[in-house]
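Labels run A, B and C following the written order; every chain starts at residue 1.
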């Protein structure tokens, strides 16, 4: 009798400790990365790290500008490509499509989400790179290898399809039917209702989904690394190669032991990714939780 | 009414999320009889029922003040042991929720966790409870089949048998027939009437006719307060309070 | 605006929507199709039954069995370890704590955020821990990194599954005088199919991830026997072979990609079937 209750309480304490320590992992990762990156700050200011465009670890030059620009450009391209497509798809699925189409599309998105990054990379090399090299780039310039920020952006765009479509669909389906009926009964067409009522009402959720997708694109490593050239120069056109932060870490880790501060610099790159993605995720999750809460009760 | 009724509520106040859900509740539930708690939806009748077995503990931001005495033991006292308290009461919820196991194991679950291991003892408990709830003849050939294959009415009787197997003194029913068809409803009502010889039964219901059919006493709750409490006929036929009269006549719901 | 123009606008957008839907939906088939077309010609029995032999990387005999086994070990080990950690956590957050308590809300938010942290960050962090502990790149290192990566996936999925269990079932067990732990065991029984789904999801993620194992698991042509040996993983094998200038080796990269894709497709489809089955049952 008593044994059961003691057991219950004992297990409760073990689980509490487990829960708290695993939650504190969020902070542990941040602190751990900071401590490893700290030596870099003794010789360089944050501003010089961000603005410097020379990357020569053996000469103690750590300019992150090209990598930051590389990351920003592939992410921006990915969002520009994916957002309109996914918005239209999500609106179609929630407002127009027959249930049968929805039943096919949503599992497809789940499978797409499960495809490993390296497979996206292989696909990028054999499908997107040749298209960019043979068909798109020649319209604008003499020659491009096809390994460009545009290629990286397109591969990333496909990678964020699932997250955008599924979250935006979910958000759109929380819009109360009464609201749509009110607009329809005023003589608006269905499309006008969607444009002026549904999308407007769903805007915070759409923004949150976008922010989540951006942070996914931000941190994606291997697929981008395989297709965007890895040139440590800030890209000036979409047909230039780029070198995003995650690729920088992946390509150089393990080789840096002999060069002072190299290791710290890479950890700084990881810290940078962590902080940005942490904030983005936190904000968008809070928005999404609020939407869910508002409509669930 | 006996000198020391099993359930006595003193100055009970319940707040949930800052809302005052139950206000100054004082009541002694008569032993070995059926007491129905009636009132419009949202008046706090289910909350009142859940204070009796401390299931309210599972809701966030709840503060309870006052005391609920069961067997002269204050169940909200800091030293009170909640599993021990709950064992004294069987709960029959709105819909049947059989545990994900066989019919036999559903009934044997309670005795087992409370320490009964002997196979033949368990067998006889299961048989007795299934007979008491009129289920034995219907299920005796498939005792080890999954419980969720039963009809919903059978499931509800199984849940009652499961609750009775831990030898409670009290049965709590939270609109226990609202998901059932008329025949099953009738069976469950009959069971309540039969069981009151051995148990103290407290039911929450929003069906006045049901309250009239099976209860000996009626508690009318409105906006978190007890408006009237008394024998069924008195409350329903000759209410002392104007509010009760309006509710019984169907003016407020 | 005339009704004609308004109708025309709707029609145009409808066409755009169908096109968008087709593009988004077909992307999966494009990817899988590309991998199949490229990979099938190079897929031989040797690929899946042999480890690299001498001269493998200049196009001679062998296969990627070492990487397949390594990936299974890493993902399997991480899934087991992850389950041991995440099941108690989700039980605690959902069953021990009251619904809507502050700790459970903030913990769930934390897991949502951890879920979004990219695998390269987990890899870098796990690598730092390994240096600190003096563990070299090995099976163990890979398992640690992938475990960190999949715990948020497991906790979130289990969370969703437990949320489908009616609160009344919990109350039914509690009102029989069950302790919270005994109640948790009843609920775990109820969600068994959901646990399988969570396992498959995280296993799939573990098997496909590169960035987390890149510096933590190492690479080896041998099939790992001990936990402190470096282990090859399938995605990494694809990555390395692809960068080779020798056509045979590149061909093997395509075949390896096909193998990985097939493994993932099987996992995802089985978990989808399990998930829908579970939903029907409730």
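Criterion: a residue touches a chain if its C-beta (ideal position, glycine included) is under 8 Å from a C-beta of that chain, and two chains touch if they have at least 3 such contacts.
Keep in mind the model is a prediction, meaning the values are calculated, not measured.
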| item | value |
| --- | --- |
| Pair with more cross-chain C-beta pairs in contact, given B-C and A-B | B-C |
| From chain C, the most remote chain by mean C-alpha position | B |
| Centrality ranking, top chain (CA atoms only) | C |
| Averaged-CA centre spacing for the pair chain C and chain A, given as whole angstrom | 17 |
| Separation of mean Cα positions, chain C and chain B [Å, integer] | 46 |
| Chain A and chain B, separation of their C-alpha mean positions in angstrom | 52 |
| Contacts with two or more other chains, residues of chain C listed in rising order | 179, 182 |
| Set of chain B residues in contact with two or more other chains | 83, 113-114 |
| For chain A, residues that touch 2 or more chains besides their own | 4-5 |
| Of chain C, residues touching chain B in the complex | 98-101, 166-179, 182, 186, 189-190 |
| Touching residues (chain side chain A, partner chain C) in the complex | 4-5, 7-8, 11-12, 14-16, 18-19, 22-23, 25-26, 29, 32-33, 36, 84-86, 88-89, 91-93, 96-97, 101, 104-105, 107-112, 114-123, 125-127, 158, 161, 165, 189-192, 212, 215-216, 218-222, 226, 246, 249-250, 253-254, 266-267, 270, 273-274, 277-278, 280-282, 285-286, 289 |
| Of chain B, residues touching chain C in the complex | 53, 55, 57-61, 83-84, 86-87, 89-91, 93-95, 97, 99-101, 109-110, 113-114, 159, 162-163, 166, 172 |
| Residues on chain C engaged by chain A in the complex (per definition of touch) | 6-7, 9-10, 13-14, 16-21, 23-25, 27-28, 30-32, 34-35, 38, 85, 88-89, 91-93, 96, 103, 106-107, 109-122, 124-125, 127-129, 148, 151, 155, 179-182, 201, 204-205, 207-211, 214-215, 235, 238-239, 242, 253-254, 257, 260-261, 264-265, 267-269, 272 |
| Of all residues in chain B, those that touch chain A in their complex | 81, 83, 113-115 |
